[in-house]
Amino acid sequence: MIDHILTLLIFFPALAAMLGFVVTKDSMRAYGIAVAFIEFVLSLWLWYAYDPMISGMQFMESMPLIPAFGINYLLGVDGISLFIIILSTFFTLIGIASLTETRRLKDLIITLLFLEMTMVGVFAALDAIVFYVFWELSLVPMLYIIGAWGGPLRIYASVKFFLYTFTGSLVMLVGMLFMAYFYYQATGQWSFSILEWYRLILPENFQLWLFAAFFLGFAIKVPMFPFHTWLPYAHGQAPTIGSVILAAILLKMGTYAFVRFSLPLFPDASVFFMFPIAIIAIIMIIYTAMVAYAQEDIKQVVAYSSVSHMGVIILGTFALNVEGVSGSVFLMLAHGVVSGALFLLVGVIYDRRHTKLMSEFGGLATVMPRYATIFGIMMMASVGLPLTINFVGEFLCLLGFYKQSHMLTLTAGVAIIVGAIYMLSAYKKMFFGTVTNEANRNLKDINRTEMLGLIPLVIVAIWLGIYPKPVLEPINNSVESVIQLMHDKAQTPEAKARIPDLSGNNGTISLQEAH
Amino acid sequence: MELYLYVALFAPLVGSLYAALFSASPKSKHVGIVASGLLFTSFVSSAILLSYVMSGHIVHVEMMTWMATGDLYIPFGFVVDQVSVVMMMVVTIVSTVVHIYSIGYMDHDKGFNRFFSWLSAFVFSMMVLVMSDNFAGLFIGWEGVGLCSWGLIGFWYHKESATWAANEAFIMNRIADLGMLIGIFLLYWNTGSLQYDVVFAEIGNLPLVVTTWIGIFLFIGAMGKSAQFPLHTWLADAMEGPTPVSALIHAATMVTAGVYLVVRANPIYDLIPNVGLFIASLGAFVALFAASMALVNRDMKRIIAYSTLSQLGYMFVAAGLGAYWVALFHLMAHAFFKALLFLGAGNVMHAMHDELDPFKMGGLRKVMKGTFVMMTLASVALAGIYPFAGFFSKDLILEVGFVEHHYVIYTVLLLTAGLTAFYSFRLVALIFHGEERYKLFGIHPHEAYKFMLVAMSPLLVLAMIAGAFKMTYYQLVISVLPDTQYHVHSEMTYWIMTIGTQLFVIAAIVYAYKKYSNWNSVPDGTSAMENSFGYKLLSNQYYIPKFYEEVFSKPYLELSRIAWKQIDLKIVDATVDGIANVIYKTGENTRDIQNGNLSTMLRWMVVGLVVLITLALAFTVGYNAVGA
Amino acid sequence: MFEAIAFYLFAALTITMFTITVMTSQALYAITAMAAGMIFISAFFFILGADFLGAIQIIVYTGAVMALYAFGMMFFDTTRDVVEKRTNPQIVFVLGVLAAVMVVAIFVAPIVSNNIQALYPIQEGVGNSQAVGMVLFTKYLVPFELAAVMLLVAMIGGIVLAGKKMDKSLTLMKEEEIGLMDDTFEPKAGGH
Amino acid sequence: MEVTLNHYLVLSTILFAIGLVGVMRRKNLLMLFFATEILLNATNIAFAAISHYIGDLSGQMFAFFIIAIAASEVAIGLGLLIVWFKRTGKIDLDQMNSMRG
Amino acid sequence: MLEPINVSIASLNLATLAPMVIAIVGALTILVIDMIKGGLNKTLYVMISLLFLLLDLGALVDFAGVFLKNGTVLGFFDVMLMDGIAILSQIIIVVGSMLFIPLALTSKRFHEYNYPEYFALFLFMIAGFQFMVATDNLILIFVGLETASLALYTLIALHNRSKSFEAAVKYFTMGALAAGFFAFGAMILYAISGSVEINQIATVLAEDHYRNIGYVLVSMAFMIAAFGFKLSMVPFHTWTPDVYEGSSAALAGYMSIVPKIAAFVVAMRLFEFLVHSGVVWLQVILYIGVVVTMTASNIWALVQSDVKRMLAYSSISHAGFVMAAILIGTTQSNTGLFLYWALFSFTNLGAFTMLWVNRQKDLLPGQSSDHPYEKFSGMVKTMPMGAVMMALFMLSLAGIPPFGLFWGKMYMIGSAVSAGYTVLALIMALNSAIAGYYYLKLIVFMFMKEPMVGYEKLYFMNASLSLKTIIGIAAVGTIFAVFAVNPLLEVITLFVYNSGY
């Protein structure tokens, strides 16, 4: 069974979703929680069985799918993907457990389970086409969730979300086909296996074009400025659960893909585009933070803050050294936990008041102290206070990029200031002051169901902030092999110089050796 | 000894968590008592560590790994050496006192339990800050105290001004923290580590320019925490928090963290005297600048806050000029008497029902004897009268300035000493002497709980006698800090300087007393002095807050709105929608090509054919032309 | 010489006739002109030695097709003036003339080729019909048979479409109505 | 004044263009069908001519089948016209506009 | 005198005619049965048609085996050409027909199914298409094309309502014009090569080194116009939406698949040798044609308010997409063409069958067409399985993996990339994105809007067991396409490659 644990992880939720059609409406919630829980336990088992000292892929599975065109059902996890998979299962569990939606609950849970399949699939796929399949497929359940359970503008938001991402990923598909074609030219065989692609050394000008093609797909997903405008709509209109999953997992697909594809495949192009992308990342960080500051709707604040944080992740990714990339992978998890929690928190108040406008609130700390506390903790985590999960990631990202550029990091570091500004002012507007709106006077504090979802997130946010090692170590080992691979493949002198050479530093096995 | 280290470190955390458990429940005294008890435990442990360290050992533990990736390795490591143990003592003493005091002070507050949770958490963060053996750990504490400061300034969150001040403090500190972070990055990429010992061993090998940048960035961090110009405005506003908070955080401990950082990083600053000089100059400037604002202020706590700022300036002068042990010594002495002063002010506030304007008080010595004595003595210590603590530390700084031949700095500091004496006693005179103006406002003041006064007494004692420990202290810290003795070469000059300073200060005190001890009216803003330009300038803090408001806050908000409404919605998003709309509109506008009329359809077919033939002909002509 | 005269004569005639067909508003003129044009075309076939084709042309076109059209005209009652709304008449001519001019521009160039081989050469002394029959029933037997099928299709199609059964539409009727009329509705196509 | 193949081709083209004009110009469907006949006839002349000039029978075969096709088309076309006429009483294509866009 | 010609029966390879003859015999059988006893139920004719098509398919599969063993089979004086693409396309034609013909078994009664002649014409039409693809003789292509077309016009009109007559007349008239184009184009080819067989023409032109380039190009202009009509390339596409709207959904779906694959095969035969010979003009024209067809029809599809018209424009766009294969002209792209069409036929079968199921006889007040988007609003609540199915087909059409059409799209774009047509590949990809919108629009209506009150029953109007079965087959084919792609790809590549394309 251990040989096929990834397949199991991917398709168990889908199968469960199918069977879920039989379950009656009133039992659906329990069913959903049970399935998500089993899935979560399975993913924990994956972690348990994972050997953190091996940097390469583990639990590899391979099955020919379309061998004539080099497409194989290839799965595997390394330190980079392992935790995002766990995060996906974790958030599905949390999301279903703290679900407050009552309209067509059955459909919603089934959709969520399908979504879970696609999420796990994206992160476990080692074949570009399999990756693409899950990547695209994940749009569909999300489209439905936003479109069917969303706010007044839900159709616009969902269609925009879908089409925007779809467009980007189609360009990416062209890039992938190109990649496969290059592989074909080089070896005479078609292959979409990422690990096989890793062995290709492409001429620099091709790298640039391919990088750009992949970039468009990933950048829209992340979303990077100026492709980010679908996100506020999607978040603003999506139901709580949709926003949570979107922010926590779906956005990570883009950043994950940068680490999985762009960096190791195109080391020279990565170095070439490092500064332009860093500048985009800085614009994301500062500009969206400013936009967030101007928002009137608390959910939009969190939505824009997501973009801002994604900027830091991108910056870390393009630090192209172990510190930065590890940091960015870690920050993906961190941002997942924190923004997921923040969206859940926004959902709590939305359920009570059916508005998200901050001007409607004020003084909530008096009426809902527990809520204010948890919100405060998560806000501080989002701001990147040390000993919370976000800090580790942000620190490493910025630290890593500092190696590449002083000035840009200094500018990017403004993140910690502007982030504090919008978060604190939003918190102040909502929680501080006196209760002015009568409707808020008798709000109930967080109930047990909501606690059930939030407490684990608080624990994780602090636990991994204090003791990130169990997560950081496997990430680090895998990232080291990626960086080493990049260094070995780099052709231009600049790339050679920018990407550190780790060989001789330690005994991690590089990817080629592992396979 | 490790056990004591952990006890000293974690006892406040335990206290905080214990209090946090009850934070949502109504006030319960045991929370305060337990928290205070745990702090006392921490104090005792620190004292034991002190004695251990005094015997020449240091304790260095590595609890566990925090972050490790690539070459980066950051443990949770703690070191108790001569410097940190001094800080630990200061922190634990003051905080124990403040905790006990707070049991009384916060007696009637709904957020009693929450208060203790925050306060103990602060102490924990401060302990992390001072005990860490690396810059990252320091940064944890650094941010931790910032967080607790935020929580405590905004403790009364229903007050707009309090929450505003809290956010201001946090954000201003964040600005500085960025500098600090960059400093840390620089250290890491140049020395490969963040451990103090490794960094300091390596720092000498770095190019000077790098070291300079490191020094500058770290100091930017220190500037924020220690509220140095231009990041000073938050400190005065932070007085919105409960007074014990001001005593502990914004006088004794947190704001001195900047000084501690410079002292801690002395091997770096030793290499870059130019930066040191800048630090000293800035310190001297701030000393004078803050003192000048304190002269006319009508808010008791703000006056004390400015005085804190001013004293921090002194400390930076010392640290900047390389007299690290002097800076640390003043830090310690200042902690005691300034905390005392604040706590006294707290008593007064309580008595006066949170009235802060000293002009509305007067004659309080009759009803608040204990407080009167304590505040007066604290002010004396602040003014630097022999043999109080302030004399030993502050005079030393003046000497340092003189010996290092920075006569401008020396003069500024001397002048500031006079101003300090003046505004301190202006305050004392206004509060405790003269007519009982409070009666106009129908207030019936009363002395604070006895145990509060008892709790304050250790500080009183220390404020008076701390100077006596100077040599012991000196012997202790020179094993870590550069051993530089500052002696004016000529005996004669020394005495002239010392006595002259004392006389100058006393003259200032007398002047203050004379002017204010018989004050009998509440100024209403009509007097000539109040309308003079100088007075307005000072009472408006040189218009700096207004300047920040107008130049940074408002434009930032405005810019943010523009970024959202004009750029994000109208340009970025509109472009995306525009592309979609253009495509859709093209469809709308051209769908009539299929107008359902068969004749048109046939014509379109012929048009297609004609176009194809045209292209064929054109190509043929071109082909033949080329071919021929 | 005779050939040239004949060519130009018949060319002029066919062009005239077809122009009349296309341009006149009298349906009767149009069909008459077309019938004439068809016959003139058969003249070309005879000139070119395609006797069989010429015969077929006259029989099929002037015989069958024209008869059908004549029937159609009577059926549709278009013997009077045909009123047609002209929309953008100039475009029509521009397009037509353009197409013609450009194709002609290419067609005036001689065809240069040394590689054209007659696969089914016209042999001297063999009657055209004979030769055609030879080819038609060997090489083109399959197309010929298929053409038969096509004519069958056309026949069935014509009959079915014009049949009485089309007068009532089951597609448009409600199910209940169909149920009522099931007895009278004979699903027989060729029955009339 | 020799008549070459090109002469026939040009003639065929002219007739074809006349047919095109008719197709585009006619609104009466019956008369429009006349024009389509002209198109096919124009082609037939060219086929016969080419067949003659290169001495190959395939062209005549093609023309033969084109005639067959033309005849079939007439049958179907008239059938369609008849049902259309029975339903609407008109054979003007301007009346045929229930679907568009 | 002519020499008598001795022809041995064996050399004729009569077997090459077998598949078509089976279809024709089937049609005649139906006619005979009707003559013997009229008034028989349509189920009988459906089953007879199915049986004959099955035989037809059997013959084709048999031929496939022969082809794999011996290569291309020529028959009947080389008129019949049974090469790989002929066999493949015939298999698609026959299988497609087999899947569409059971759609006659609706629960409502429609006019055309009361005619046994309907089924006879249907089989004749299939035979016509089969002839069209199984030869490279322009005459046979033309006759086959016309046989099929004439039958098709009749089938459309037999739906018997004014829209279907209008559709048939429009289709017929434009078809007649296109036939003229074809004839003229063939004439020019004959003039410069003295042959009506594509292989022979290619040889002659190559030997002439394309000296008569003007003639070649003009003939190609006419041919493109003729096949542009069949393949509904812009601007020869205008009939498509009207004809689809006018005919029954079942027939519209059929038209989107089968006639086009036949036309594609002929276009492949006719154009690819020229593309390969470096006739730049043709490349340019095809490039423009492909891009304009894809893009313009996508854009028009965006603004449709009727689902069937939308699908009509969408199938124009898909045809344009596949047309790219002919432009690219590599083995991979030709393989992609067949793969795409095989997958497309399943998906489109499903989509049109869903429309067919949703067909009601009388239009609702305010409706001007059979399948306006509004009719589908809130379908997930009234008919969840149906909505899911329809969504599935829409997603597949949009190219969302892992549903059927994605693999076709991927392979096509891949072949464009491999052949160096990067920009084309990008345009193809971006067009898929535009297309996403209108497919999504239907999903939005079905899943995100509230149903029309009082008309919920409409969705079930026409469902019957056989229709549901067909939808099930289409759904299975669409969902599990991923497992079929590899065998399909291998077989198709083998056939295409061995046919020299």
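Chains here go by letter, A, B, C, D and E, matching the order in which they are written, and residues are numbered from 1 within each.
To be clear about the criterion, contacts are C-beta pairs under 8 Å (C-beta built on N, C-alpha and C of every residue); 3 or more make two chains touch, one makes a residue touch a chain.
Bear in mind the structure is a predicted one, so any value in this text is a computation, not a measurement.
Trainee: Treat touching chains as neighbours: how many steps, at the fewest, connect chain B to chain E?
Mentor: Tracing touching chains, the least step count from chain B to chain E comes to 1.
Trainee: Between chain A and chain B, which partner chains are common?
Mentor: Both chain A and chain B are touched by E, going by the contact rule given at the top.
Trainee: When you take the mean of every protein CA atom shown, which chain's own CA mean is nearest to it?
Mentor: A
Trainee: Mind naming the chain pair that shares the most C-beta pairs in contact?
Mentor: Result of the pairwise contact count: C-D comes out on top.
Trainee: Give the label of the chain whose average Cα location is farthest from that of chain D.
Mentor: For chain D, the chain whose C-alpha mean is farthest off is B.
Trainee: Determine, using the mean of C-alpha atoms as each chain's centre, which chain is farthest from chain A.
Mentor: Result for the farthest chain: C.
Trainee: Taking the mean of the C-alpha atoms as each chain's centre, how many Å separate chain B from chain C?
Mentor: Result: the chain centres lie 99 Å from each other.
Trainee: If you average the CA atoms of chain A and of chain C, how many Å lie between those two points?
Mentor: Chain centroid spacing, chain A to chain C, equals 68 Å.
Trainee: Measure off the straight-line distance from the CA centroid of chain C to the CA centroid of chain D, and report it in whole Å.
Mentor: 6
Trainee: Counting only Cα atoms for the centres, state how far chain D is from chain E in Å.
Mentor: Once rounded, the distance between the two centres reads 26 Å.
Trainee: Taking each residue of chain A in turn, which ones touch at least two of the other chains?
Mentor: As it turns out, chain A has residues touching two or more other chains at 163.
Trainee: Could you list which residues of chain D touch at least two other chains?
Mentor: 5, 9, 16, 19-20, 23-24, 26-27, 33, 54, 56, 58, 61, 65, 68-69, 72-73, 76, 79-81, 83, 93-94, 96, 98-101
Trainee: Enumerate the residues of chain C that touch no fewer than two other chains.
Mentor: Residues 91-92, 95-96, 99, 103, 106-107, 109, 111, 116, 118-119, 131, 139-140, 143, 147, 150, 153-154, 157, 160-161, 166 of chain C each touch two or more of the other chains.
Trainee: For each chain, which other chains does it touch, given as pairs?
Mentor: Those chain pairs which touch are A-B, A-E, B-C, B-D, B-E, C-D, C-E, D-E.
Trainee: Where on chain D is chain B touching in the complex?
Mentor: Contacts found on chain D: 20, 23-24, 26-27, 93-94, 96-101.
Trainee: What residues on chain E touch chain C, complex-wise?
Mentor: For chain E paired with chain C, touching residues are 1-2, 5, 7, 17, 24, 31, 34, 38-39, 76-77, 79-80, 108-112, 114-117, 120-121, 124-125, 127-128, 131, 135, 137, 139-140, 143-144, 146-147, 150-151, 153-154, 157-161, 164, 191-195, 200, 203-204, 207-208, 211-212, 214-215, 217-218, 248, 361-362.
Trainee: Quick one: which bits of chain E touch chain D in the complex? Just the residue numbers, please.
Mentor: 138-139, 142-143, 146, 150, 153-154, 157, 160, 162-163, 165-170, 172-173, 176-177, 179-180, 183-184, 186-187, 190-191, 194-196, 241-242, 245-246, 300, 303-305, 309, 369
Trainee: Which residues of chain E touch chain B once you look at their complex with the stated criterion?
Mentor: Residue list for chain E touching chain B: 169-170, 173-174, 177-178, 181, 213-214, 217-218, 220-222, 224-225, 228-229, 235-236, 238-239, 241-242, 280-281, 284-285, 296, 299-303, 434, 437.
Trainee: Quick check: in the complex, which residue numbers of chain D touch chain C?
Mentor: 1-11, 13-22, 24-28, 30-31, 33-35, 37-38, 41, 44-45, 48-49, 51-52, 54-58, 60-61, 63-65, 67-76, 78-83, 85-86, 91-92, 94
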